[in-house]
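Letters A, B and C name the chains as they come in the text, with residue numbers starting at 1 for each one.
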């Protein structure tokens, strides 16, 4: 990439985005600004989940588990020591004395989440398809259970409340840019091609010398890192983290974003995350007015089923939108019995 | 009794059949020979309703003198009911079903207990080993036994026309000969057979008539003997110099 | 710890295991025939509980009739879900169906919360179910015996159906190979629908039992038992009915004994224990206790 092109393709959009964030901080009311930050966090989550699920074809539901880990780590590290002595009297002295700057606490949350993912991933990523999905689902329960039952560190089911409101649009924007950059680089560098190779044909990839296991763990841990950071952002946006903050439902919503956006497509996933977050937000008042709580979730779920039936490669297509090819592929699949080996 | 006209089938990204036509007359063994990938299996799968053609028709008359009915768009289940039985490539025995159950499932659409019992006895007469091994799970049989079971199972629906895909596949020559003898015997008892084979020499030897399929089209047809003596067929399929 | 305490724990484990087993059978049957992990299965269990509440408390049906009503309700919901959500996407990658089943679960749960609120309800059962009967030195409630007894009867009936009937044979054939099953004249759509109907009916009856045993039901009660029953199905070997039964009882006993025998500070980790067991089983014996090789199914 030449200097000029680099400027055009990278610095310019980032500066443009920064200008928009600046305009938003000046022009928007606090409520809208909060929504905007949620949109940003959801984009971070969906795009990073796409590294695991889309690029590598590992179907993980575990993002909420890593968000919980990252959220607690960031919350504990960034919490003022005075507040710690009041709220978490049983905290190990090593942790009780820490009061980290927010970005470092976020990064630490991400790293611990990534580490957890690597440790869990080495054995669990041997599982295929929906076995992995269920194992990662189990991971959510295990992490929740630990959060509830380690009151010395987490204050149990009560959670950590009254966290300093450290998250602001700038931090969200910074992490968002980093996430997009890293995921974009990964997808278009040799690592990304390795991941795609594993997704398309694991055996062939292994025969070509791809280190399948290592790449899978890497993809899993990378996704978990951003999930952990996003968990920290989330916690310091709502100033609360509890064992039930990040549930299976959230995991499902993230999956929906990836599926609607097109598995493997960064732009598509980001657009889907924005649209879905805003749609849910806009539907909520309607729901409250009509007294039909849950209607928006039903609408989204029905939409997902319709997309899976009629546009299985996602609303926005994959990297190259080929809706017609996708439709043709579906018709074939229905005519022929399921092939045993892809 | 079977008229296949201008079948055009796409399968995956490939154009598997390009206007293939053939006819099977009552009481014949008709062989369909050709190289790997010529479209032989696709032809059978389309006739039996597992695949849908893009264009073309398949018509079938179960009884002599009956008006042929179009079976092109029938589901596979309905094609079986119409009197066609497709014995698939690679035998495809149900591994979790016993030998006896594999035979019984072949008669799935029939309700005549006595007739079924009689046909099981007939299959046991053709292939005595199947009686001996009746309670064994399907996947414990040897390749040759599985082939016998597959044919027996296909006969259990009491078809008027048997579609047989690669019966020689992976079998020792002696077993292949045995299977082909039995095919002739079934034919002599009144069955009609459409036989797909890569082993062209054996197939042409027992076939009354035969078709050569190349890249999705029929390129040659004639009696089994005529094709066996055709120099082009000899060069391409019979290994002659 | 006394022998009587241990014995009553074992009874509790068997009761819990019977319910897990009934739910797990559905998971296994549906997975066996369409390779789908039906995440909505736990919600059908919850629907069964409410169908039972409706038919006993509201309609005033006698208990045995209520069981039939619940079986029917479960079967109908199963058929509906299969027809509306899963049949149109048959042949798509497995994960597609799994996502769709998550969506179905969300639809059912939200519909339930919208119509009957998330509030737990009291599930009153006839008094005779609560009476105590002596059994080998301990007292056991009739409801516990009824649950285990009914579960065993249903399981035996199912096994006999799958083993010895023409339709059961056709279901086994369909589970093994769609194309060849069709060549035998089997309507595979009907067999798949039947698997959904049977599996859902059994899950619904488990919902009735759950209500009768614990006296309280809620629209969201299905998630955790549903997931645990899936664990049971995996332990037994997904796709195998007898494996699901075995896995259900093993998991029920293990969970109850984990809580009952270890010091109380561990009992809060009950769910973590179950899912850790799942991951362990998946890693050590991916085919479960009675399953066939996963490679041929993958």
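Basically, contacts are C-beta pairs under 8 Å (C-beta built on N, C-alpha and C of every residue); 3 or more make two chains touch, one makes a residue touch a chain.
These numbers were taken from a predicted model, which means no experiment stands behind them.
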Query = Which neighbours does chain A have in common with chain B?
reply = C
Message = Using the touch rule stated at the top, which two chains are linked by the largest number of C-beta contacts?
response = A-C
Message = Let me spell it out: compute each chain's centre from its C-alpha atoms, then which one is farthest from chain C's centre?
response = B
Inquiry  = With centres defined from CA atoms, tell me which chain sits nearest the overall protein centre.
reply    = C
Task = Averaged over CA atoms, how far is the centre of chain A from the centre of chain B? Could you give it in whole Å?
result = 53
Message = Taking the mean of the CA coordinates per chain, how far is chain B from chain C in Å?
response = 43
Query = Quick one: chain A and chain C, Cα centre-to-centre, how many Å?
reply = 32
Request  = Enumerate the residues of chain B that touch no fewer than two other chains.
outcome  = 50
Request  = Find every residue in chain C that makes contact with two or more other chains and list them.
outcome  = 177, 179, 182
Note = Touching at least 2 other chains, the residues of chain A are 336-337
Inquiry  = Show me the residue ranges of chain B that touch chain C in the complex, using the header's touch definition.
reply    = 48-50, 75-77, 80-81, 85-86, 88, 92, 94-97, 101, 104-106, 108-109, 153, 157
Query = Residues of chain C touching chain B in their complex?
reply = 166, 169-170, 172-173, 175-177, 179-180, 182-187
Query = Can you list the chain C residues touching chain A in their complex?
reply = 35, 37, 85, 88-96, 98-100, 102-104, 106-107, 109-111, 113-114, 177-179, 182, 223, 227, 230-231, 234, 268-269, 271-272, 275-276, 278-279, 282-283, 286, 294, 296, 298
Request  = Would you tell me which residues of chain A are touching chain C in their complex?
outcome  = 59, 123-124, 126-131, 133-135, 137-139, 141-142, 144-146, 148-149, 248-249, 252, 255-256, 259, 292-295, 297-298, 300-302, 304-305, 308-309, 312, 330, 333-334, 336-338, 340
